[in-house]
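Following this line, the structures themselves.
Consider the two complexes below, in which chain A is the common component and chain B and chain C are the respective partners.
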Partner chain A sequence: MPGSGVIHHPLTRRQILKGGAALGLGSAAALGVRPGWADPWGRTSVYAKGAEEGPEVALAIRREALPIDGQSARPMTINGTSPGPLIRLKEGQEAVLKVTNLLDEPTSIHWHGLILPPGMDGVPGVSFAGIAPGETFTYRFPVRQNGTYWYHSHSGLQEQLGHAGPLIIDAAEREPFRYDREHVLLLTDWTFEDPMSVFRNLKTAEGYYNAKERTVADFFADVREKGFAATAEMRSMWAKMRMSSRDIADVTGSTYSYLLNGHAPQENWTALFKRGERVRLRVINGSAMSYFDVRIPGLKMTVVAADGQPVQPVPVDEFRIAVAETYDVLVAPEDDTAYTIFAESMDRSGYARATLAPREGMSAELPERRAIADRGMEAMGAHGMAGMDHGTMAGMAGERSRMSANGMLAAGTAQPGSRFGQAGIGITPGERRTLVYGDLKAFTPWPDRRAPARELELHLTGNMERYIWSFDGKTFSEMTGPLHFHHGERLRLILINDTMMEHPIHLHGMWMELENGHGELIPRKHTLNVKPGERVSALITADAEGSWAFHCHLLYHMKAGMFRVVQVS
Partner chain B sequence: MRKTLLALTLGLVTSTAFAAGEHGGSHAPAGDAEVDRTIRLEAGDMWFDAESLNVEPGHTIRFEITNTGHLAHEFVIGDAQAQEAHREMMQQMSGGHGGHGDHGGHDMAEGQHGGQMPAVNLAPGERATLVWTAPKNVDSLEYACNIPGHYESGMSGNIDLQG
Partner chain C sequence: MNTRNVVIGISSAMALLVLPTAQAEDGYAAPADWPPPMVKHHLGMVLIDRLEYALPDEGQEALVWDLQAWFGGDVNRVYLKSEGENVQGDGEDAEFESLELLYSRLIADFWELQGGVGYQGGVFSDDHAERGYGVVGLQGVMPYGIETDVVLRLSDAGDVSASIEGEYDLRLTQRLSLQPRTEIALAGSEVETFGVGEGLNSVRVGMRLGYAVTRRITPYVGAYWEKQVGDTADLSRAGGDATEDRGVVAGVRLLL
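The block that comes next holds the complex of A and B.
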């Protein structure tokens, strides 16, 4: 069995450099181009460069030349690296985060998943005015939680330029698991195109980044398999949806390089372990548009936290991570060998990769890539058609018994039309143990145990052809006012995905307790993945007065209108 | 109090006897008189305090285990392979898919050791006693909770039997 002894280092490089930090903003830039938390020995070793320990942290935002995936690029950097440094805070601290804008445009940082005062949330036009060029904005807030989070720009499309980084908060009390070493794995998607041109391409040509449209040959293959009538019907159905069944992602590997800790697959970033150690991997999806399926062939992963919140442990072979989600997993490599950390993009157009090894310079085989998935009839869900009877209608009768006196479902009950037992498109059921939302279960009930007093229903809507994304058919610019939560109320938010794509829905300022059927032990999250045609709900305690952003975390969906302001008053 | 403890001890005599037989212990312990040592352990979420033990071969140990966590736990003694086999069985019992709903449930833990390994199940807040005689022919054993995910999260420890 592994000993749990901490590995001691006489004098860390970080300590040596501590004085250096006083030299001014961005001193980490001099130390190299890679984020410091990407140190191969992880937490129990030194943070060679770029890790910023709280409570007081100074961050400088620049646009500068920095090679990515071996090519010249001009990302946005934070203290000289892109992605930015790891910010490490401690639960109970009073964080003071000074952000200096050295760009020639306004910027911002949003602390994703943190519960903090509305003025500190970092969304220009909602929580504050933004940070003008040359200005420094000081964020101050009490740190009231712990776990794995991240931070990113909330201005325009800056996030696509690498303006993001990990944010780790050490727990004040013992966490419900033990480990010997930890590594942060930040997944991002990088494009050498200008993000505004990506957006224009999406607007002007449907399926611009999808090289996998169905062809005439596919049509005849389908006819052979399913017969002409069924094939024609299927085609006409997709045509009505203004989508191709192969639109798994809007933006794909045809423009993206998928990065892990800022490194492309062939750069083989390596995380080190000692045999017998239990290693905590803090996995963050800081992508603009890409979902990933993460696995480490040869190792079982035990999921111990979701969105920074501890969950009852779930041993899995693979998990899907939606944009903006975080998962903490434990692995225990017993052999003196290398393992591939493989994060395949959901649309299978590419992958990010790293190696978990006992020594540097090792690598393991890359697993075989899976074929592109095709959205079948099952994805239609609540759209009527095939999904009707297995979803909404049949489910209703069964759920009636669980309704409370006011006609609403009992707290914690899964909505009819939810698919919490399925990982989603492209995952073959039974092939390996894959995490599903239905697995997530808290250790103890959350503080507010009131039943919801009302329900707020929102449809996730879009028009793929015109690349318009919205809530209830209205884009942000078409809305006249905010969504209103009454201060102190307990409400149920119901999200119905009328589109054929996944949407990671993020609420700022308050937790969403995902009603996945676990009653009082439902998990709480900051980002909820809603699958095509799915209907899901979350309980919310509206205890945070002020204005908060609420949006789809697919960057270009947010830009295209899938954004609302929630006002709590 | 004393009565409760005694009752718990008696309730476990069956599995204890099995355990002694399994590991070739020379005598089946009957009461306090034959206990060489009492070890108090806390089972929390997700750890045991202590994290490892040294035990004299042939000694009869009375474990007093308290579950101070929010979840059900078990305390099972066996070699690494037996623990792993038990763990895999528990995982399969929890259903093919990550244990929808009830992984970690107390019921599932009941009776799965089939008398092959000395074990107790503990509901949250529960305290139980297990009397066990350390074998003389092995160097080390593990104690563990094999409810899916619990061992992996850290609920295990080494029993050093090298005297």
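The block that comes next holds the complex of A and C.
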């Protein structure tokens, strides 16, 4: 813990005000001025305001009144805004981030995706004790990477209250692509309900937020389309399992306002560009529970980075961003016209939206909304009811020849049961070019090319009826010990999703190299989306001694028990 | 009255056994003064499944309730369940057909094994015959989504009885749903005081149409048909009561 320190101050109102002033919080901030990173002219603007430039940054966390989606709300703010300001660091710096807790409860900030010493990772109970009310905690760590990341509270359900923000690290050396302007697009989901009552609703009334359950009308519509026998067979399978094929998102647009840079769709936040410019969009999914499908009708997007790490360019029309993932895309608008940035929630219950335009006050047409999809056979994979399609089965025979001497698959090989060619539920294959995990290819091989010495298999498990989420059937409170990684080892983590929901699995402190079949060029990520019934693996170099959090990044799944501690020793 | 005290006593003891469930500890090396990374919460809920006014063809009008409440964690919970009615115009106070305090344990994804004590009799009055009993039950959801509650009771006089309840939700729209339900009562021996005969006692079939105003408030209307059989029917006939009845109900389902 190099140079970390905790300062105690007994809190009086005057001191809070003084402290606020010392931290550079004007009254304008309290009145809800948009954070600097949400400036319409992006980074190149001479008027760029509010972003916190490193290496030394002071952040104050409060709970205060701030309108959201046109209604009065009390989010948690960071330096007066919610979501918080952009923190901009530079690769090679020694970052000094002072976080002052002006709440009446403990808080924390986790720097999502950053490789840093364990004491600086910001998970209460794993990395440190948390930040008590009135305390300032100084995070201090060397910045050894670059790219698009984000930060958020790791205390209780605070993240749901807007306690999150973007974190950008500028590269020390030239990046493998060029751009003229950049915008940060931070997606979040906001509810006016108390996050604890959201959790209670999920725990006590199954499907509480699902306003799109199947009805009798859907049955007859399916009969007309697929015939009675096929419909009856499919419905009876789901009914037998006592599950809903419409369980796409646990918390939906029935309570959420989907926000882009803190703005609701009708507020039409606008990102400006000049004709002919190449614009880098740094897209961050800082939602508590919502996956989004992002597209800009009329513009091709070129994906150049995933989870902050450069990938070989992939031109796409749309990409799905799991909770906690980040993608960097380049767009080159040729026309003097407005484009809609459309981020539709995976369950189609709502969307976040912004406009990419040459001038303020413009807007483009909103694309047609898609209908909620029903989960099909693929979600039952792990339930032993037809899971693997024929393509995968044929693939398996091929895989055997690629096994190494110890009987394990060769490094970089996709696991049988993975579906890296599919974007997932609600995306019609072939409708438009959609990014899939199979597209992600590292620019150059990541440094550790050792084959894994061992495999660690974990099942993603749950009980939808009771809203219990777990690893290997055990919630965090039922666990008796941490997961052990041996210091310095190279291991393969195999994740098998036994549930019917997607889980964005996040490992703190170390990269996960997603084995998507690209051999030496497998991409590395901090968050892996595992689709229902899917089996995916990642290679990990356990080079970070200490205790680290490992969990599902759906906030209420984590809260319900899908959390483990990884100990590297 | 005695029985009730016993019921409360045993139940409180059970509650004490259940509540201090183990706290989260992943066994990693963290200083003792750090908080656990995940705090475990005990939750609870109250479901008044039926609070309805029944208008039977033969019998008397009645206010009927059927409710359950639970408190606890993922696996261990304490339940309070009650069914009862206040027959209108009979000059008697309301009656608990059952008032049960149960310990419940999740034994499979969709099933809870429950056990505890119960009371049948007047609600704070001596208008009705009363008895205490022990209960063992299995509550859960059958394949195809049929909500089920199977209960076996042993009374303080050693009489055994059982009941099976099933409910199914047919969603007509996002808010409108049709719910068929059935209730079957059985007994191991005749207990005349409570109008219980040996063997199959009665079958009740109902259907209600509910409109979810919110997730928590669902007013409904419904109809039911019930028939007593065998020994139980004989007892009713001897008392001059109808052995078959049908009626309509109007009520509300509340989730608190």
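In the analysis below, the second predicted complex is superposed on the first by the 503 of 569 C-alpha atoms of A that agree within 3 Å, B and C clash if a C-alpha of one lies under 4 Å from a C-alpha of the other, contacts with A are read in each partner's own complex, and residues count from 1 in each chain.
Note that in this section contacts are C-beta pairs under 8 Å (C-beta built on N, C-alpha and C of every residue); 3 or more make two chains touch, one makes a residue touch a chain.
Since we're looking at a predicted model, the values are computed, not measured.
Peer 1: After the alignment on chain A, I want to confirm one thing: do chain B and chain C clash, or do they fit together?
Peer 2: Pair status: fit.
Peer 1: Give one of first, second, both or neither to describe whether A:R454 is in contact with chain B, with chain C, with both, or with none.
Peer 2: A:R454 contacts neither chain B nor chain C.
Peer 1: Taking the superposition on A as described, I'd like to know which of chain B and chain C A:R144 touches: first, second, both or neither.
Peer 2: neither
Peer 1: Chain A residues in contact: does chain B have more, or chain C?
Peer 2: C
Peer 1: Which holds for A:H486: it touches chain B only (first), chain C only (second), both, or neither?
Peer 2: Neither chain B nor chain C is touched by A:H486.
Peer 1: Please compute the chain B to chain A to chain C angle from C-alpha centroids in the superposed arrangement, rounded to the nearest 10 degrees.
Peer 2: About 150 degrees, rounded to the nearest 10.
Peer 1: Identify the partner contact of A:R370: answer first if only chain B is touched, second if only chain C is, both if each is, neither if none is.
Peer 2: neither
Peer 1: Once chain A of both complexes is superposed, is A:G561 in touch with chain B (first), chain C (second), both, or neither?
Peer 2: Second partner only.
Peer 1: Under the stated touch criterion, which partner chain does A:T444 make contact with: chain B (first), chain C (second), both, or neither?
Peer 2: In the superposition, A:T444 touches chain B alone.
Peer 1: Of all C-alpha distances between chain B and chain C after superposition, which is the least, in Å?
Peer 2: 37
Peer 1: Name the residues of chain A shared by its contacts with chain B and its contacts with chain C.
Peer 2: Chain A residues touching both partners: none found.
Peer 1: If you look only at chain C, which of its residues touch chain A in the complex?
Peer 2: 22-31, 33-41, 43-45, 74, 106, 109-110, 141-145, 170-174, 215, 255
Peer 1: Using the touch definition from the top, list the residues of chain A that touch chain B in their complex.
Peer 2: 1, 4, 174, 176-179, 278, 300, 302, 304, 312-316, 330, 332, 421, 430, 433-436, 438-439, 441, 443-444, 517-518
Peer 1: Enumerate the contact residues on chain B facing chain A in the complex.
Peer 2: 44-47, 51-52, 69-71, 91, 96-101, 103-104, 142, 148-150, 152-154, 156-158
Peer 1: What part of chain A is in contact with chain C in the complex they form?
Peer 2: These residues of chain A touch chain C: 106, 123-126, 128-130, 154, 156, 199-201, 203-205, 208, 211-217, 236, 239-242, 463, 465-466, 468, 475-477, 479-482, 547, 549, 558-559, 561, 563-565, 567.
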